[in-house]
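Just so it is clear, A, B, C and D label the chains in written order, and each chain counts residues from 1 on its own.
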Amino acid sequence: MLIKRPPSYHKLFFFRGMLLGMTVTLKHFILNLLRIRKIPTIQYPEKKRERSARFKGKHILTKKLDGSIRCTSCLLCQTACPARCIKITPSEHPDPKVEKFPISFQIDLLRCVMCGYCEEACPVDAIRMGQEYEWADYSESSFIMDKEYLSNRPALQGGVISKVNS
Amino acid sequence: MNIQFSPNALKEFKSFDTLYDNPKSKLLPTLHLAQKEFGYLSPEVIEYVATLTELSPAKVKEVASFYTMLHKKPVGKYHIQICTNISCTMMKSRELFSHLKKKLKIEAGETTQDKKFTLSTAECLGGCDKAPTLRINDTYYYQVTPEKMEQLLKELP
Amino acid sequence: MTPTPKIVFQNLHIPNIKKLAVYREHGGYTAAQKVLKETKPEDIITLVKNSGLRGRGGAGFGTGMKWSFVPKDAPLKYLLCNADEGEPGTFKDRILMEQIPHSTLEGMIIACYAIQCPRAYIYVRGEYTESIEALEAAIQECTKNNFLGKNIFGTPFSLDIHVFKGAGAYICGEETGLVTSMEGAKGQPKVKPPFPAISGFNKKPTVINNVETLAVLPWIILNGADNYKKIGTEKSPGTKLFCLSGPVKNPGTYELPLGFPLKDLIYDIGGGLTGNLKLKAVIPGGLSAPVLTAEETMTMTMDFESLAKVGSMLGSGGVIVIANDQCMVDLLSVITYFYKHESCGQCTPCREGTGWMKKVVDSILHQRGRAEDIPLLQDISTNMMGGRTICALSDAAAMPVKSFVTKFKQEFEYHIKNKRCHL
Amino acid sequence: MTSHSEPKAKNPMVKITADGKVIEAPKGGNLLKALLDNGVSVPHYCYHPGLSVAGCCRMCFVEVEGQPRPLISCNATVTENMVVKTQTETVKNIQKWNLAFHLINHPLDCPICDQAGECGLQNYYMQFGKYESRMEEEKVKKRKVIPIGDHVMLDTERCILCSRCVRFFDEVPKTSEMAIFNRGDRSEIGTYEDKALNNNYTLNSVDICPVGALTSRDFRFKRRVWFLKDIPSICPGCSTGCNVTISQDPIEKRTYRMRPRFNEEVNGYWMCDYGRMRYKHTHRESRISTPLIKKAATLIPTEWDETKHELFTIFKTPASQISVLITPQYTSEDITHIYDFFTKTIGTQNIFHCADSHLASDSTVTDELLFRRDKNPNSQGLLKISAHYKLQEQNLSLFQQKLKSDPWTILFIFGPHDLEAYPEFLSWFKENNSLKTKIYIGTQVKHQIPLFDLLLPTLTFIETEGTFVNFKGLSQKLSRGVKLIPEAKPICEILC
């Protein structure tokens, strides 16, 4: 049932609303014109935005001092992962001092929800969430990251050494 | 080379049966006998004792490795054991020990090159009234000072 | 100083008392013959019970009581003489066995007759080769003269005694440790109950007595229980062999009545400390007895009750004198090394606790100590004591640590704070 | 080690109160066993109901009214209306400190230790440990990664010296192969000069080891235990019929290990190594994965509905031309279904089985404890069912004579899953190929050869429900785990 309202010119043309809105845009427009260099917008992709240390991006498998990866394949990250996107096959390490290491370590980036549970669950700081967030790609299989890629991909420049009680 | 007891050692081993009702009791005396025969309890000796006393070699090695007087490593002609317990340490047995280590140029538990002396520490030997006490093979020596030790070493053939 | 009565050492200084003939000349084996010929076994047990004789090995358990636990009807029983004497600071059994072996044998004959057991063994520690030879010679002599073997002294009772040579393990001084060692296994104590009096050596009833306890028996048989009660104090009668060691003028073994003041033992009999050293502390009853400070030793009398009052114990009577030239942390490191080396490794609190205490004391000694170490040492030692393990070695290991750290706390704090020794 | 002989039920039951709860227990029996059987959780490492009492781990302290100090309950005997308290302050403090003593020299191996997830130290630390470790000094280092035998891997550093394995090898296979060497905290578990364990019960020591000192080499680093689901079942290795627990990973659809399950009269707490490897024949790679049909001497994978069509044409042939051979490795339910189907719907009389009656009931043990000569789990079941159908005599030797004399045109073969029971199985059908069509229903890929015309995959003992009847005639229930081969069908679906 329709409510009849007396026509009011003031509401018909919204002059007041538009003027208020336009004043804010004009203010920014003039200000930016005056201080071209201090504009807050970042010219992406030429200049990337500064990310915090805690940023949760593409995973990294850290390394021991001697260059081999730190992961002992204890499967805690695989257990903690809510999206079940980590798949590890442990096997016997030739050096009896090390005993156990992952023969294959796969993370399915499409399933990963970037929660960081794996980083928290790892007892030996073997897996970290890195700084990269651009990983668009064409084929689905390139989202399955294997051990080699996770520890020695070009973006890491030789891998990240973790010095936690080593 | 198979290890064999000498005849009179075998006779003595046979005599153990009459002493104890439980046949396993003769294990320790047999180990003492084996150590006297062969110098120290090498793996072959342990296996030989195991066959003699019809026990599994694991149990014989378990007993042999428990006691300090049964040697598992070759021992020199003279095994010098210096008491390191509290009464002897107060009477300078540690100084005597370090003096001997320097003189024989070996560490605790090792044997000199010419296989003549083995130096090792021992727990309280029961000679606290005439400390510091030391034992060479089976004889006790009391109130041993470094000088007396020197003289002792020269005397031993 | 009135000449104190001698029981065990009464004929110590007679030349070659080791020989059977000389020993018999001085009244040897008269008690044994009297007992075997006239008295009944139960009467001996009641006699020993009335005499109030307590075990001289270290626990101080009533000997008569211990004998009465043995079931009378058991077909096969054993008596084991504990001559392992591993307790540091104790060397009384060595002198007894080397010089008067027959007194022990006579005591064993009386004890075996009392509990009616046909077979007895003497477990001697492997290092005492001289004592083993003396004992074996004595046994040979006795069997030749029908003092041992079949129908002793012509009575229906027959007994044979053998010497069992140990192989260097302090734990085999503990009753059940000795029994397991004689059963051909590692000398690890057995879980109690069942106690050895019910199921000991080869699961048969076994009585385990110390050398000194057995050596006292002939005197009690000859002179009766109340003469024995006259010597020593009311609750712990008789005499005790005290082994004085450390920096004293004349260390050695002295037979003194129980209740003898410790000060006289050190200064009169022991001749005071050598050089111009001053008394700092005394370990009254073998290494596992909590230490007494100098003040406490001045007023202390040596018997079971008064030492227990102060929290220490008479133990095996090994009096170790500590002078003020010694650093307590250094001594404690030696003590904890001893217990870590001698722990048999069966029960976890003692196996790991002794190792842990040694490492903590060593880190204090080598100037790596932390303030938290002192309460840690106290906690570890309290949590190792009080029946936490199968045998008393964990209590024996914890007591010195607890007493050293509480009574000489300032030395430990000095080491931790100033990173060097106060000497 | 005093050995407490478990008083059988003949001892009168006595009432004791534990933490206020009144429970019944045999008089003079083991107090800890009584407490555990009635659900009172008392921590313990060295006590094991099947072994003698050692009393050396010192974890099972309880307070008994009338005793001055807490005492270990594994060495205490149950007496009339005894009052036991397990949650008092002193007991809790003792448990916490004894656990601390266990842990100070224990290596931090949890990431690489297979026992993680079912480790005694982890469980009790989470239950009543939860303290900050005050141990700052060096841990005692011992030897690690020592293979002792082809089934067991030893790590002396993780060992808490509870002596369960030593007592096990002394009392069950009675070979005394393991011992604790040296003394004090340098004590090390092990065999003589690391010699291999050679008896058929080595893997039991891995089950009873509360920590990761003894781990199974077959299960080494394969899977984490919290991914596995346990299924109670019966071992198909021989006619003893030991009760087992099978561990399967439901997501990965793979079986990882078999462990014994306590059953008083059949296998007690133990199981033989041979039986533990029986799960291997259920892996995907050793199984026929799809139905196969022989076309021009080669086997081609086909669909189930096409084989249905093939089977219908076969079933039309006259009953006397069809014969059946059954191996005793199927559950009793499957066998009854086979007999029902062929005697009633088809009406054939010649149904043969390979069960050897005198071998099946032979109770002599060929190794130390449990293993029997008949390697089929259900021979007795098969014999009972075949007797029930009162067909004329149909054992294996008769089948082989008949096969030579007047062969039938169609032969249904229900093949064995465990090939060790019938190693020369294939040779039975080699000489005469005058037989028109041979239909093989079974699981093992080793039998996937053009000798047979039609191969139909069925289920192994892990994927079926049913009963096995052991040599004594005791029928025991299997429960179904995850279906490992999607294409495989149970017998009742194939023959319908």
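Keep this in mind: a contact is a pair of C-beta atoms (placed from the backbone, for glycine too) under 8 Å apart; a residue touches a chain by one contact, two chains touch by 3 or more.
Keep in mind that this is a model prediction, so the values were computed, not measured.
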Remaining chains grouped by touching, subunit D not included: A | B, C
item	value
Pair of chains joined by more contacts [C-beta pairs], A-D or B-C	B-C
Separation of mean Cα positions, subunit C and subunit A [Å, integer]	73
Whole-Å gap separating subunit B and subunit C, where each centre is the average of the chain's CA atoms	24
Chain centre separation (subunit A, subunit B; CA means) in Å	68
Euclidean distance of C-alpha centroids - subunit A vs subunit D, Å	47
Residue list for subunit B, restricted to those that touch at least two other chains	55, 59, 62, 66
Contacts with two or more other chains, residues of subunit D listed in rising order	180, 182-183
All pairs of touching chains, each written as two labels joined by a dash	A-D, B-C, B-D, C-D
Of all residues in subunit D, those that touch subunit A in their complex	110-112, 116, 144-145, 220-222, 224, 226-227
Contact set on subunit B toward subunit D in their complex	43, 46, 55-59, 61-62, 65-66
Residue ranges of subunit C in contact with subunit B within the complex	76, 85-91, 93-94, 119, 125-130, 162, 164-170, 181-187, 201-202, 243-247, 251-253, 283, 287, 318, 320, 322-323, 326, 330-331, 334-335, 337-338, 341-342, 344
Touching residues on subunit B, where the partner in the complex is subunit C	19-22, 24-29, 31-32, 53, 55, 59, 62-63, 66-70, 84-87, 89-91, 122-131, 135, 138-140
Touching residues on subunit D, where the partner in the complex is subunit B	175-183, 191-193
